[in-house]
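This report refers to the structure that appears directly beneath it.
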Amino acid sequence: MESIRRRVHEIIFEADTALGRAFDIFILVLITLSVGLVMAESLTPYNGALQHYFYYAEWGFTIIFTLEYGLRLWSVNKPWTYAKSFYGIVDLLAIVPTYLSLLFPGAHHLILIRALRALRLFRIFKMLEYVDGANMLLRALWRSRHRIAVFGFAIVIIITIVGALMYVIEGEEHGFYNIPYAMYWALVTITTVGYGDVIPQTAAGKMLASLVMLLGYAIIAVPTGIITAEVMDEIIQGRNSTNTQHCQNCGAIGHLDDARYCRKCGASLDVEHDPQRELL
Amino acid sequence: MESIRRRVHEIIFEADTALGRAFDIFILVLITLSVGLVMAESLTPYNGALQHYFYYAEWGFTIIFTLEYGLRLWSVNKPWTYAKSFYGIVDLLAIVPTYLSLLFPGAHHLILIRALRALRLFRIFKMLEYVDGANMLLRALWRSRHRIAVFGFAIVIIITIVGALMYVIEGEEHGFYNIPYAMYWALVTITTVGYGDVIPQTAAGKMLASLVMLLGYAIIAVPTGIITAEVMDEIIQGRNSTNTQHCQNCGAIGHLDDARYCRKCGASLDVEHDPQRELL
Amino acid sequence: MESIRRRVHEIIFEADTALGRAFDIFILVLITLSVGLVMAESLTPYNGALQHYFYYAEWGFTIIFTLEYGLRLWSVNKPWTYAKSFYGIVDLLAIVPTYLSLLFPGAHHLILIRALRALRLFRIFKMLEYVDGANMLLRALWRSRHRIAVFGFAIVIIITIVGALMYVIEGEEHGFYNIPYAMYWALVTITTVGYGDVIPQTAAGKMLASLVMLLGYAIIAVPTGIITAEVMDEIIQGRNSTNTQHCQNCGAIGHLDDARYCRKCGASLDVEHDPQRELL
Amino acid sequence: MESIRRRVHEIIFEADTALGRAFDIFILVLITLSVGLVMAESLTPYNGALQHYFYYAEWGFTIIFTLEYGLRLWSVNKPWTYAKSFYGIVDLLAIVPTYLSLLFPGAHHLILIRALRALRLFRIFKMLEYVDGANMLLRALWRSRHRIAVFGFAIVIIITIVGALMYVIEGEEHGFYNIPYAMYWALVTITTVGYGDVIPQTAAGKMLASLVMLLGYAIIAVPTGIITAEVMDEIIQGRNSTNTQHCQNCGAIGHLDDARYCRKCGASLDVEHDPQRELL
């Protein structure tokens, strides 16, 4: 029994054996088919003959994915750790909407969240440069989280105040029906999306809009500056250190070549054989 | 009397004691309620039964905030320094609109400026990494102020000339009613907001618009470059120095570990116990 | 015969001799005329007297370019290597649409792909700084391909999920006719283009749109950060090395001044006399 | 006579003496009034009583500026060098439109180009940090001119090909009336302006538009990367060198402290007393 469990673990969690790789490719094909199916369904008219086939196919995919999720939980050593990991949550979210659709008919469209499972793609095909690229981006984003959060908070406050000002200046007769709606306009303007569904009509409103645009133009530079600086830093560090291992847990670098555990937090550095710990 | 004053100061300006912290959280809750109330009010129809409650609640909040502002002025050592500080101005602006609304009925929506008071959030919960992130961003913005100002001046001149050209080319019959309006169009285009409410109709106008877009595409890079370079510089400097203290007054770094005053400008480095000096 | 072939090769592939240069300029003029012609044709009414002239002129240009392509294939040492190179493919694509137009009348507009041939411009006029600038950009883009690909994959997944959510929230009655269309809206929003042809109508839809805009605002910084870091890296490396030669094949630098082959991959560093190897 | 000429030169070209400064401020006030006047004129209805006053005021300003331009030409040592310099051309362009308006009535709006003369502002008030900031930006832009030009060329070629494809796919019935117009759409999309006046209607058109948006999203990073890298480089260089003088002519740095002429090109480094040579 234990050997079967270990064998199942090898097949569904790793992509080193021929069978394990075949299983991963099989799941990837199913994900692609399933995502394509939901898109195709939304393109066809309701109550057509095709709708029946879509319905059965979707339940088919969901049952296979449910079985797979059960096998993953059963075969892994620490089921709870897997269930809380990024992929564990994605694997669960990928099957929930179909069951939910028994209660809320529209919910089954949300199985498009299955697309997230396709991120495993990089691991299956051993595209290590891509995993490396992704990890570098995630580390850079993670390290800049404090600054990004402060920036986001500042944006929310700016939008609140600009929205209130615009609501007072333009008022409901010019399409700024309430303060949340005026805040929505402020966000559409400051992010330079500019749908054009609500626009200031008065001279004062246009002057405020001009200020908001100039402000948006200036502060769009701030997140870019933060991310660039971190990515640049990653590249410089990566070039200077001979050992390129980064701790998946705390991001520490500068490990010795034979190190298997992070010298800062003790987490395993052995990425290949420890799939649940991977960020991507 | 003096000891009461000192005690009040400790409660409302600092968040180190249990009572001080409770006071800050109480004010934060009031701010959130007050901001939510104004938004909710703009969503409900006029003259409804709810409007009365909104009216009384708003005056309630304003009276509490006025009392708090008075206590702050009374308890602080240098009332004028506090009144001129960033938070002093915000605390005043947060109560003025309600009183103004006695004269101008629409003004009370502007109490959304109270949202700015929520910036104290970071200090209350000792989120030092965030205060650090914010200070770093403010320092980077401050150091690039000359270049940003020159850039802003250049944008204004470009918009003036492009607006005049567009007014001559397109004229009033195509929606470019006057030069300020054509300048507004130029700003909407150069910042890539692109509402689409006024658009060039003639071939010559479209060619000028194309040039403006290409220009906007190129020069959006300039503020980004300025900010990125400064943020990058901050990160490199921060990594090379062992002492990470930055002077709040002049931005100097490289202080000794036991330094309590800036080696460049003599301002106190003791951020925690000097709340009025904080930028954020 | 062999000497004629070598002479032809010198004239059409190189721009060092007077005749070779004259040939290149002649082809450049033909390209410009041909591109201008197709644009002019689309501006004139159908079945007019001018259409005949356009038709004959286009066939004239196509026959000249076909002859030139044949001469190139004949005179070059390794025809297959040329045919597979960037310019070989462009030279072929520049003549195919006219022949295709015998089957599909609209196809001949695609000869605007001839514009790509104008890239030879930089080589003809020995604008080495520009070739250098272009190669630097291409190297920076090439080195960031893994990270850009991961980022692109993440964008596609985000758009899929946001599109599905929006389709469920807004539905067909508000213009989100199907999931691919809702994904198109998500892309228009996240890239800050914001046409404004479909916009969320419900409060929930506007909140999701706000989140998407903030997300777009934040992640627009990621590709910028990646490219900037690589360009910056190029500039720093270029300044530190005395020999500025970069291998066209693998991008290695740090070659000795008399090096003619890459010390890393053995590819020829002799750009001037090896035109087929050029990236631009 | 010669001493009068020298005195006039001192007054109108320099801002070191009280009279020279007064003259500069007087001209600055005239520029501001004149620019405000043209804007105000475009806001008032035609043939009103005010139009007469606008007409006389404009001729008054133009005559003063013409006299000033004549005095500048007369008093400067090398009139031709001044006339060809940035400010020489701006000073001329600032008076030409009024004379042109005798032939073309609409031309007089173009005197808004006078706004460019306000750039002298920075010099008058000795705002050296701003002049420095501006020079740094201009140097960074100048040094990245090759890469920016290559990038601009690439954008033009991309727009041509995308425009042709879109014209074939969507055609005249969907608003893509001709290839130049489809190219205009491509530019509006790739720069993320997104007016929304022409939008693809077919599925194929929307897919091409999606690709163009993703491309625009990726390549908006390129100019940003180029400029950032150069600005960053300026900051690092500026910090490492003790002498911060940069040659106005060729951008060389690393001059000795007592250097008065550029060690690379021999141009004067003496910015203060050599106003015609200034870039800004």
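Order as written gives the chain letters A, B, C and D; numbering starts at 1 within each chain.
By definition in this document, contacts are C-beta pairs under 8 Å (C-beta built on N, C-alpha and C of every residue); 3 or more make two chains touch, one makes a residue touch a chain.
These numbers come from a predicted model, not from an experiment.
Novice: In steps of 5 degrees, what rotation angle do you get fitting chain C onto chain D on the CA atoms?
Specialist: Here the rotation carrying chain C onto chain D measures out at 90 degrees.
Novice: Specify, for the interface formed by the sequence copies chain A and chain C, whether it is same or different in terms of residue numbers shared by both sides, with half as the dividing line.
Specialist: different
Novice: Round to the nearest whole Å and give the separation of the Cα centres of chain B and chain D.
Specialist: It comes to 30 Å between the two C-alpha centres.
Novice: For chain A and chain D, let me know how many angstrom lie between their CA-based centres, rounded off.
Specialist: Roughly 43 Å separates the two chain centres.
Novice: Counting only residues that touch at least 2 other chains, which ones in chain D make the list?
Specialist: Answer for chain D, listing residues that touch two or more other chains: 180, 192-196, 220, 224, 226, 228-230, 232.
Novice: In their complex, what parts of chain D are in touch with chain A?
Specialist: That would be residues 192-196, 224, 228 of chain D.
Novice: Which part of chain C faces chain D closely enough to touch in the complex?
Specialist: It is residues 35, 38-39, 42-43, 106-107, 109-110, 112-113, 115-116, 118-119, 121-122, 129-130, 132-134, 136-137, 140-141, 148, 152, 155, 180-181, 184, 187-188, 191-197, 220, 223-224, 226-232, 234-236 of chain C that touch chain D.
Novice: Looking at the complex, which residues from chain C come into contact with chain A?
Specialist: Touch residues, chain C against chain A: 146-147, 149-151, 153, 156-157, 160-161, 163-165, 167-168, 171, 178-180, 189, 192-196, 199, 203, 206, 209-210, 213-214, 216-218, 220-222, 224-226, 228-230, 232-233.
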